[in-house]
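Below: the structure, in structure tokens.
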Amino acid sequence: MTGSVPRLPGDGEPRLRVEAVSKTFGSNRALREVELDVVPGEIHGLVGQNGSGKSTLAKVLTGYHGPDPGGRVFVDGAPLRLPVRPLEARARGLTVVHQSLGLVNDRTVVENLRLGRFRARRMSRRIHWREERDAARAALERLGLDVPLEVKVGALNEEDRATVAIARALQDAQDGTGVIIFDESTRSLTRESLEHFYKLLDSVVATGTSVLLITHRLEEVLDATDRVTVLRDGVSVECGLPTKGLSEADLVRTLLGRELLGLAREKHTAPAETGQPVRIEGLSGQVARDVDVSVAPGEIVGVTGIAGSGHDEVPYLVSGVRKATAGRMWLGGKELALSKMDAAAAIAAGVALVPEGREREGLALEMTVAENVLLADRSCRRGAMAPRRRRAERALVGQWIERLDVRPPAGDLPAGKLSGGNQQKVLLAKWLATNPDLLVLHEPTQAVDVGARHAIVAAVRAAADAGCAVLVSSSDENELSLLCDRVVIFRDGAAQPDPLDHPSADDIVQAIYSGGKRRLRA
Amino acid sequence: ACGATGPAGTSATPAADNAALSDLKKSVDQMSQALPAYPVPTDKVDGVSSLRGKTVYYIPITQQAPQFAVTATALTDALKAAGVNLQVCNGGSNPSQISACVSQATGANAGGIITDSIPYGMAANALDAARAKKIPVLITDQIPDSAHPADATLGYIQGAGGDMLKAVADWIIVDSGGTANVLINGSTDSPSTKSYVDQAKQEFSAKCPGCKVTVNEISSANYSLIASSTSSAILRTPGVNYVVSEFDQYLQPTLQGVQQSGKQTSIKGASTAAQVSGLQMLSGKNFLYVDASQASPYQGWASADAIFRLMLGKQLPTYTIPQRLFTRDNVSTVSTDAAAEGTGSWHGPADFPDKFKALWGVSQG
Amino acid sequence: MTVTSAAPGNASGHKGQSRPDLKHFLGRTGSRFSVIGVWALLVVIYGVTEPDTFLTSGTVQTIFGSQQALVFLTAALLCTICVGEFVDLSVPSVLGLCAIVVPVLAVQHGWNVWLASLAAVLVGTAAGAVNGVLTVYLGVNTIVVTLGMSTLLLGVALWISNLTPVSGLDSDFAQISLFQLGGLPVGFYEGLVLMLGLAYVLACTPLGRNMRFVGANREVSRLAGIRVNRIRFGAFLSAGVIAGVGGVLAAAATGGFDPTVSQSYLLPTFAATFLGTAILEPGRFNPLGTLIAVYFLATGILGLQLMGVAGWVADVFYGGVLVIAVTLSTLLRGRSG
Amino acid sequence: MTVTSAAPGNASGHKGQSRPDLKHFLGRTGSRFSVIGVWALLVVIYGVTEPDTFLTSGTVQTIFGSQQALVFLTAALLCTICVGEFVDLSVPSVLGLCAIVVPVLAVQHGWNVWLASLAAVLVGTAAGAVNGVLTVYLGVNTIVVTLGMSTLLLGVALWISNLTPVSGLDSDFAQISLFQLGGLPVGFYEGLVLMLGLAYVLACTPLGRNMRFVGANREVSRLAGIRVNRIRFGAFLSAGVIAGVGGVLAAAATGGFDPTVSQSYLLPTFAATFLGTAILEPGRFNPLGTLIAVYFLATGILGLQLMGVAGWVADVFYGGVLVIAVTLSTLLRGRSG
């Protein structure tokens, strides 16, 4: 294949070797003769655009999908039977933290951690709960997490959930053997947890265990991995490219197969004040306390902070999805009591929320793209029982699909059949189509590739330029610096004074942690 | 209560009672015999040949009860003898469906409509519409509905429902020597089924002052509760020694109820509208001691006769559907299979089809 | 700055979607119209084997004139199914109760028959409201509530009718379902209008789209400003009203009603509604597909009865058709999707 | 910089759980044992109002000796419900078919009765396998498949029995369900053992845990390496076997069977199973809660019948109890959870 397979460092057999693995879904070839080599004791990056086949490869390796005939997979030099038997793969040391985490919310931490690993006593076939709990506790302790074992996973926050999923995979890793695959597991980890996570990975790979890391955060790839494999449209265009000395631009070029223009943040100046700013005063929720923010039309304001600082609550309080305990908002000359507002009232007042949980709160995946885009829109509407204006609707959908570059550009496809990044674009289109006065975004480019990220950023900026006030809550400093005119830092529920003006990613990290930017992995 | 009145009653007029009992025993013995001959009407029906090619609709309340299949088969044979077609339409125990069946017959310009075990009111509008189109309607296995008296387009054949239950009552009176404590699982499904139970109660009160009768009302809608209501009725009425299931249809849950009450050894089972399974239980000496049976095949032929007469604008004679009591003693005299049931040999010589054919003036064979 | 649009490699993933090939087309058409095809085939088969009885206007009248109760029941069921309440087991009992209320009030208590009908519809509405309050606002499991209500309402129907059929309704009143129009009773058109109306609302109005969204994902709908609970409650209420009206029409058609029979509608209602998911819009509950399913099943059963087969054949046909049709539809859809 | 373990915000999500307060405790206990409390209350009320008839050993025999078929049916239903197949409507028909197969083969065709029983269980297993193949491997909607199979199997049962009840089984054979042990028929203990076994498997073994996980989230379970389809198929198969054995015992108890009876079990089976979710493990389907629900409902009905109330009261009781119990359980759970 295209990629040059480098000499393996150290001794003979690679820990994991994938040869010519293909996977076809219907008429769609998601993987084409993919090659991959992971040597013992390395952190190996796997990058690619949305839909390039990364998750598919991970799922083939754990037996979730059966590959097309012809490929071969070796673990420590010995071939693995294809299609992979899940238990056999695990016995050989292959474990995966899936993109969706794979947790059941109404089950306890210990049950989730030990899922699929329960062992029965010989005679009674009973589960030995004490052993299971010990094992679970040990796995969590390794990650430095102290979660009560009997708590339902649904009660945990996103980061703890990710940690539980990671701990589950790590508990199978025996020192010096095996490969752990992380499929975008780090996307919801905060900076501090990320650092801890990589510290842990260091100790894991130091024993000779290998790690395959799938991520869209290119800085993570450059900082943390030893080598990287790049997938493009199901083809491995680079195999085991050493990351030492690789620049982000180089990586992006390999990944996209083209130059990405304007990656650097161009100074975006808010247009001259055209209307009254949106003012939020005295906003309090579960964590947030007495927050004052004001966003002028055309301005993009970011809120961020460490996990639990309350910044991620703001979008939901402002849009009436969660009841605020106190707070008022002035929007378009009207005053709204945030503690009484519900979602419908907020939408009527011109607020649009793009939530984080795409599958849970963002899109109805079995409905079509067009239906999703039109759901919140009221411009084509005359009354609940009046016929819909199909032509106007179709035009509107077509316009948004084109503007956000949704692929494939088919409005009648169920939203669930789009890749994650494209779903994110549809989600954004759905709310931009309402022509909001205040657009509230939460992690708008999470799990989205660089190309899609640009499309999304451009769309948000276009909305701002058209006079929309934009409020972004995010824990991704790159995203914030790319988007925002101002960034407000949250600490312990309170908005810090002195917002950062057009900050760089480093500025933001520094402001959050009051320390300089370091590499994730020493 | 029974223990108190029973002996007292017998001791008061022992001679009279004994005489009455032995009379009753005679009639019970007679009802346990096969008929020497079926009571085929005697006045001839002219012009049956003019009916050739017509279609008669037979609408049983449901096809999920076997006696209707027996009747339907006999009816088919009878009509075929006169060159008339039979169309069966399942009432499905549902008024809408029954109405649909009647409308279907009306729409198809049927020669006549025969309903089985369906109260007139359950499809009143549809039946009215059929009669308005001069399609004769024959209601079988029902007591006549006073709101819809018989006329040129409407006839009734009563069936033996009340007689069977009375016969079973007689058998119980005789068997118990006039001291029975009876529980009747009586169906409230239609006015007819209620009236059968009333007739049995009258029979008991007229002929057995020493007997105690309790009625446990059951309904098809509560089929799943029949077993437990039976057992609770048994618990509630101390000393029950006979349990009557109004129809064989309710025999299984009735038996379950008796089993659940733990009194199976002291209770004798009885039923009416005997089917093959009832006779099997008799010959297997399982719970059941007596089962009254009505001559379903004969009913089929009688219905054919009646519908011919209605179609030809003639008066209906009074039909008596024969019935017979089967007990553990006489059940061995018949073969307990569907074939024997279908020929009518359970009740008497199976030559009545020929007699009917002769009556109609259609060729033998 | 802008992203250069349409990088060459990017689109390759979706080749399958943008160029529908013949197999795909056949699959979709097959899964849409296969049941209708089988219906046509049935008509041909019955027409050939039973020409004298099947190929008559009476047959048409029977098939299309006898399914009103079922049409109303399936419509009521669709109301709640479309907003994601999968199994409302209570509709047959609601219909049965409303149908018995009319003759009980009008015949036994001497009410004006129209007043009695109004009362019956109100009873149905109230039943729907109870269902709605319990499931929507108190969050009780739908199956439990509707199963419980079904039994409870059956009990009430038996109670007010004293466990026996009540009849004796005016034959003038019967005209509201039996009046003949073009050879078919007006009840047929009432059912047709109801289903067409439902189809229109679901397919063409914002309300319908909101209902589908609520059915697909409640949380998404709530965040989109749809008053989810109001729509769900409204669906239960409408189901009650429709079942109530259906009950009145059923009572009018038969001149009375039998309180014990409502349960016998349960199976056909569910069978037709689910069979409807294999027609016109495969995989989706849809009113027109359901309507076709009702008449398809009626045709099948009628033909079998005309052939004089035993009672059990109808059950086998009913069950077999349901399983086979939906299985085929599922497989065809899977292949084409 | 290191992560301070347990950042302040981190734990906020589960404060509630770690410090159970009194209200919480009462709520949980209330929702666990409220139905059992009502049961005790019922016994007291009936004991006071009907001392002569209710407080007898006959009552106990009736309540605990009469529910075998229902226990087997609920157990079969639980098998599939626990793996997330919400509504298997076919279990009553499977039981009915198996129950009629025994007398048909043994009495009408002269088979050895044990061989006939084996055949009946095999029939049940086959029915379960068909359900399983269609839903698990072909992906057809569970309700559709089981509704269709239910009708189809009813038709088959009517067919092989020629629409008639068949009886005449040996009274020796009846001992497998009627043999008296400590005043109760052995069938009671068979049901008890079955339910306890099911409860043990679900609560204590890896298989049970995996079943619950499959029920909660198929995708997650598959990603975790559980053989999801095998477990789902196994559940359908077990349901078939259990219904088959239940059918054989039911046929033995009555010495024969009536093929039309099976449908009357549908409502009680679902009522008891769902009522079980309000007992012991609120909000969760659980075998012991279901067993208690079966006997609770039997007690309630029997007491009412002993009081001599009309037939419709039982329906109102059934429906009312189901709705009220599950509503209360839902509300209590909501408050405590």
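Things worth noting here:
Chains here go by letter, A, B, C and D, matching the order in which they are written, and residues are numbered from 1 within each.
Rule of thumb we're sticking to: a residue touches a chain if its C-beta (ideal position, glycine included) is under 8 Å from a C-beta of that chain, and two chains touch if they have at least 3 such contacts.
Chain-to-protein mapping (UniProt): A = Sugar ABC transporter ATP-binding protein; C, D = ABC transporter permease.
Worth saying up front: this structure is predicted, and the values here are computed from it rather than measured.
A centroid comparison over C-alpha atoms places A as the chain most distant from chain D.
One inter-chain figure worth recording: chain B and chain D are separated by 38 Å, centre to centre, where each centre is the mean of the chain's CA atoms. Computed from the mean C-alpha positions, the centre of chain A lies at a distance of 43 Å from the centre of chain D.
The distance from the centre of chain A to the centre of chain B, each centre being the mean of the chain's C-alpha atoms, comes to 75 Å. Shown for chain C are the residues that touch two or more other chains, namely 154, 158, 163, 310-311, 314. Under the contact definition stated at the top, not a single residue of chain A touches 2 or more other chains.
Looking at chain B, one finds that residues 63-64, 69, 188, 217, 219, 221-222 touch two or more other chains.
If you check each pair of chains against the touch rule, the ones that pass are A-C, A-D, B-C, B-D, C-D.
Within the complex formed with chain A, the chain C residues making contact are 1-18, 21, 200-201, 204-207, 209-210, 212-213, 216-217, 219-227, 337. Within the complex formed with chain B, the residues of chain D that make contact are 53, 56-59, 61-62, 65-66, 107, 158, 162-169, 171, 178, 185, 253-258, 260-261, 264-265, 267-268, 298, 301-302, 305-306, 308, 310-312, 314-315. Listed in rising order, the residues of chain C touching chain D in the complex are 86-87, 134, 138-141, 143-145, 147-159, 163, 267, 270-271, 274, 277, 310-323, 326-327, 330-331, 334.
Here chain B touches chain C in the complex through residues 55, 62-64, 69, 86-90, 92-100, 103-109, 119-126, 128-129, 147, 188-191, 194, 217, 219-222, going by the rule given at the top. By the touch criterion given at the top, residues 62-64, 86-87, 89-90, 96, 98, 100, 102-104, 106-107, 111, 115-116, 118-120, 124-127, 144-148, 150-152, 155-157, 159-160, 192-193, 195-196, 286-287, 306-310, 492, 513, 515 of chain A touch chain D in their complex.
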